[in-house]
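Got some structures for you, see below.
In the two complexes below, subunit A is the common chain; its partner is subunit B in one and subunit C in the other.
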Partner chain A sequence: MSCGDTEKKKINIRILFFAKSRELAGLDEASFGLESSSITSLDLLGKISAAYNLEAIKTTIILAINQSYCNISEEEQLHLKEGDEIAIIPPLSGG
Partner chain B sequence: MAAETKIDDEIEKLRQEIQELRRNCAAKEKRLSELEAQQQKQNEQANAQQQQTSASSDQMLNNDDIARYSRQLILPNFGVKGQLKLKQTAFLIVGMGGLGCPSSQYLLAAGCGRLGLVDYDEVERSNFHRQTLHTEMSIGMAKVESAKQALQQINPHCQIECHRLLLNSENALEILRQYDVVLDCTDNVATRYLLNDACVMLNKPLISGSALQMDGQLTVYNYGENCPCYRCLYPVPPPPDTVTNCGDGGVLGAITGVIGSLQALEAIKVALGGLGGEVLAGRLLIFDGGRCQFRNIRLRSKRADCDVCSPKPMITQLIDYEQFCGMHASDKDMALNILPLENRLTVEEYKNEVLQRKHILMDVRQPAEFEICRLPNSENVPLKTILNDSYLQRFEEELKDEERGIILLCRRGNDSQLAAQHILQRFPQRAVFDIKGGLHAWHFKIDNSFPIY
Partner chain C sequence: MKNHLLLTHEKLDVGAINNLVTAGSCGAISLFVGTTRDNFEDKKVVSLEYEAYEPMAIKEMESICGQLRQNWSDIVNIAIFHRLGLVPVSEASVVIAVSSPHRKTALDAVSMAIEELKKRVPIWKKEKYEGDEGSWKENKECQWLSKEKDVI
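Let's look at the complex of A and B:
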C-alpha cells in the first residue's frame, strides 16, 4: 500500500468539547469522521466549527490534539490516526 | 392585626437604622483606609531605615511561626528555607471573588509576607455561595475590607494591603510593581488582557485561574524562558456575545474553590522555585467538574510575532482594554439596546395596558431559571428555541391568530431583545415587544416581593 493510500483512508476522531463549545455544540464529546487522515489544522478547525455550531468562537479556540496544543494554520499539516482525541478549548474568563 | 402592624413597623425601623449604620460604617472605613495608606507611607520610610540596622523578622522564624507552620515546615522540599522565602514574598490577588477568596486564604494561612488585594466591588448576597470569606455582616462593605477582616482572623502576622479600585491602564503598573507574584482571579476578559500585558512588561509571574458553571482552567504565565503569554494563546479577544459571566451562566462554589486553591499552590511553588516539582507553566490545566476530570494540555511556546511578549512587541505600553475587547472590565451586565424603542414596553405599560389584551408572554430564560420564579401567565420559551425556530411548531396555533401580541421577557431585558429581534425578522407586521429591564424591573417597579437573583 502506497503512502498516498494511507493518507486517503477514512478515519474517525474523538472530539471533546469544553466550556462554551460544549454549550454551543450541545455535546460533551462526539465521534467525527474524516475523509482523509491528512488535513491542515485550519481545515480541521473549519470542519469541526461548521459541524458543531462553533463559528462564533472559531477565532478564539485552542485546539489540542492528544493533549498537545495545535497551531492553527493552513501550513500546519496534520497526520491523524483513528481515535485521536481533539479537545476544543475556548477561553474561560469567569471567577 | 394591631400587633402585626407594630412588628412590621419595628422591623422597618430596624432595617432603616441598620442601613444608616452601614452607611456610616462604610464612610468610616473609607476614611480609615485613607489614613492607613498615609500612615503606611510614613512607616515605610521608617521601616526601610530600621531594616538596615536590625535583623528583620523575615530573616528568622519565631516560636509562633514554628508552631503555626509546623505541618508544612516538615515537608522535605519546604523547610525553614521555604518558610522564610514565603515570608519575603509579596503576592497580589486581583479580584476578591470566587477565586480570590480561597487563594488568598491559603496564601495567607501558609505565611506569605505581604498580600495585596484588589477589588472595586462591594459584598452582596449572591456572592456568599462561592466567595467564602465574606459573611452576612459584610453586605455592602468593600470586598477588599471584608476579606481583610476575615483573613486577619486566620493569620494576624501577615501584612494585608487593600486596593479598592478597578484596575486599569493608568494604575496597574504602579500597583503590580510592588509585588513579586500576581494572581489573576478576575471575572472578565478585559482585565485578563490588562494583567497579561502588565506582567509581561514588569516581568512578573502571573497565576491565571478562571471558572464558570462546572469548568475551570489554570495556567502560569511569564515563568521561564519559553512560557507563552495570554496573547500568545489568544491573540484576539472573544466576540463579546460569546462570553458568559458567572451572573448569567452560573458557577458552583466548589469549582471556584478547586481552581482558587490550585492558584495558591502554584503561587507558592513559583515563590519557592518549584517546591521540588514542576510549576504549571507552558501547560494548561482543564478541570471538567461535571466528570471530575483533570486534563493537562501541553501549550505552545512563545508566539514569534506576539503583540506583547515577542522581541519586537507592537504593544509597549498599556492600552485601553475595554475598547480592545469591546467589553467592560467587570462581570456586570451591559444593558443592550438593539431593539427599536417602539418595540419596547416598560413593566408599567405591560401591566396596565397589555396584560388585559390577547397576547402570549414568552419568558426566554433557561428552564432552571424559570423554575426559580416566574410571572403567572408566562410560558417558558428558552432563547435557544426561539433562535433555532423550534418555537414556531410549539406555538403553531397561537401564531395563526395575528391579533395576538407576542411579548418577550427575561431576567434583565437583554435576551428578550435578541428574541424579539429574531421574531420580528420573521413577522415584521406583528405586534412584538420586549419588556425593558425584565423581571428585575418587575421587582423594582411593580412587585418587590418578586424575587431577584
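Let's look at the complex of A and C:
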C-alpha cells in the first residue's frame, strides 16, 4: 500500500484467541484499537501480548491475518484495515 | 473427484468415510486413523479436548488437498475429517482417506496428508491427566518452533 494518509489512521481489529492463549487471555475474542494501520508483525504481537497476558508464551506464537499465517519479524510490515481478523496461533497440536 | 472436509463434534465413522471416497475407477483406498493415546511421560491421560480455528482449518485442509492433487494427478477422492471437543481415549481424532486407481498413490498421499495436517492446520489438543489440570500439546512438525523460523 502506498497511500501515506491512511497509514496513520486509527483502526480497530478483531483478535481471536485459541488454546493456551485463550486460557491466558481469559477471552475467545476481543476488539483491539491500533494507532496506525501500518505496523510490523513483531510490534503487533508485542502489543497484543502486553494487553492480554501472553508474555509468557509470546515467543512460541505466530499470527494469522484474515486466515493466512504471518511470520513474526521486524521486517514483516503489515498494512491492516478496520475489522481485520487477527488470530493468535500457539504451537499446533492437531492430528 | 471430490474433497470431503469436515470438523465435527460427533464420533468419526471410519466405514462411512471409506464409503465417501469409494469410486469404481479405483483399485485402492488408503486410510489413516489417528487415535488418542492413554499415556504421556508416565502420566495417565483420561481424555483429550480438541479445538480449531474452524474456517481457517478448513481452508488449510483444502490447500492440503490441492497439494496432494498436484503431487499425484491420479488421486480420485480425498476425505479429511477431524474431531473436535472431548475425545475419549482410544477413539479416532482424525481420519484421512484417499482413493486412486493404484495403491502407491493412495498410500503415499495419505502419509503426506497427515504430515501436512500436523504442520499447518490450526487445531489444538489439550491432554487431561488423572489428578492434574492438563496441558496443551505441541506437534514436533510445527514449523515456527524450529530454530530457523522458516516461512510457512
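Heads up, the rule we're going with is that the second predicted complex is superposed on the first by the 89 of 95 C-alpha atoms of A that agree within 3 Å, B and C clash if a C-alpha of one lies under 4 Å from a C-alpha of the other, contacts with A are read in each partner's own complex, and residues count from 1 in each chain.
Quick note on the criterion: contacts are C-beta pairs under 8 Å (C-beta built on N, C-alpha and C of every residue); 3 or more make two chains touch, one makes a residue touch a chain.
Because the structure is predicted, anything quoted here is derived from the model rather than measured.
Touch criterion met: A:A19 reaches subunit B and subunit C at once. By the touch criterion stated above, A:N71 is placed in contact with subunit B and with subunit C alike. In the superposition on chain A, A:P91 contacts both subunit B and subunit C. Once the two complexes are laid over each other on the shared chain, residue contacts for A:I62 go to subunit B and to subunit C alike.
Residues 18-20, 60, 62, 64, 67, 69, 71, 87, 89-95 of subunit A are contacted both by subunit B in one complex and by subunit C in the other.
On subunit A, the positions that touch subunit C within their shared complex are 16, 18-20, 60, 62, 64, 67, 69, 71-72, 87, 89-95. Contacts from subunit C toward subunit A in the complex involve residues 34, 50-53, 55-57, 59, 82, 93-94, 114, 117-126, 136-139, 141-142, 144-145, 149, 151-152. Of all residues in subunit A, only 18-20, 23, 28, 56-57, 59-60, 62, 64, 67-69, 71, 87, 89-95 touch subunit B in the complex they form.
In the complex of the two chains, the subunit B residues touching subunit A come out as 95, 97-100, 185-189, 192, 209-213, 215-217, 233-234, 236-239, 241-246, 249, 251, 256, 284, 286, 288, 290-291, 295-300, 331.
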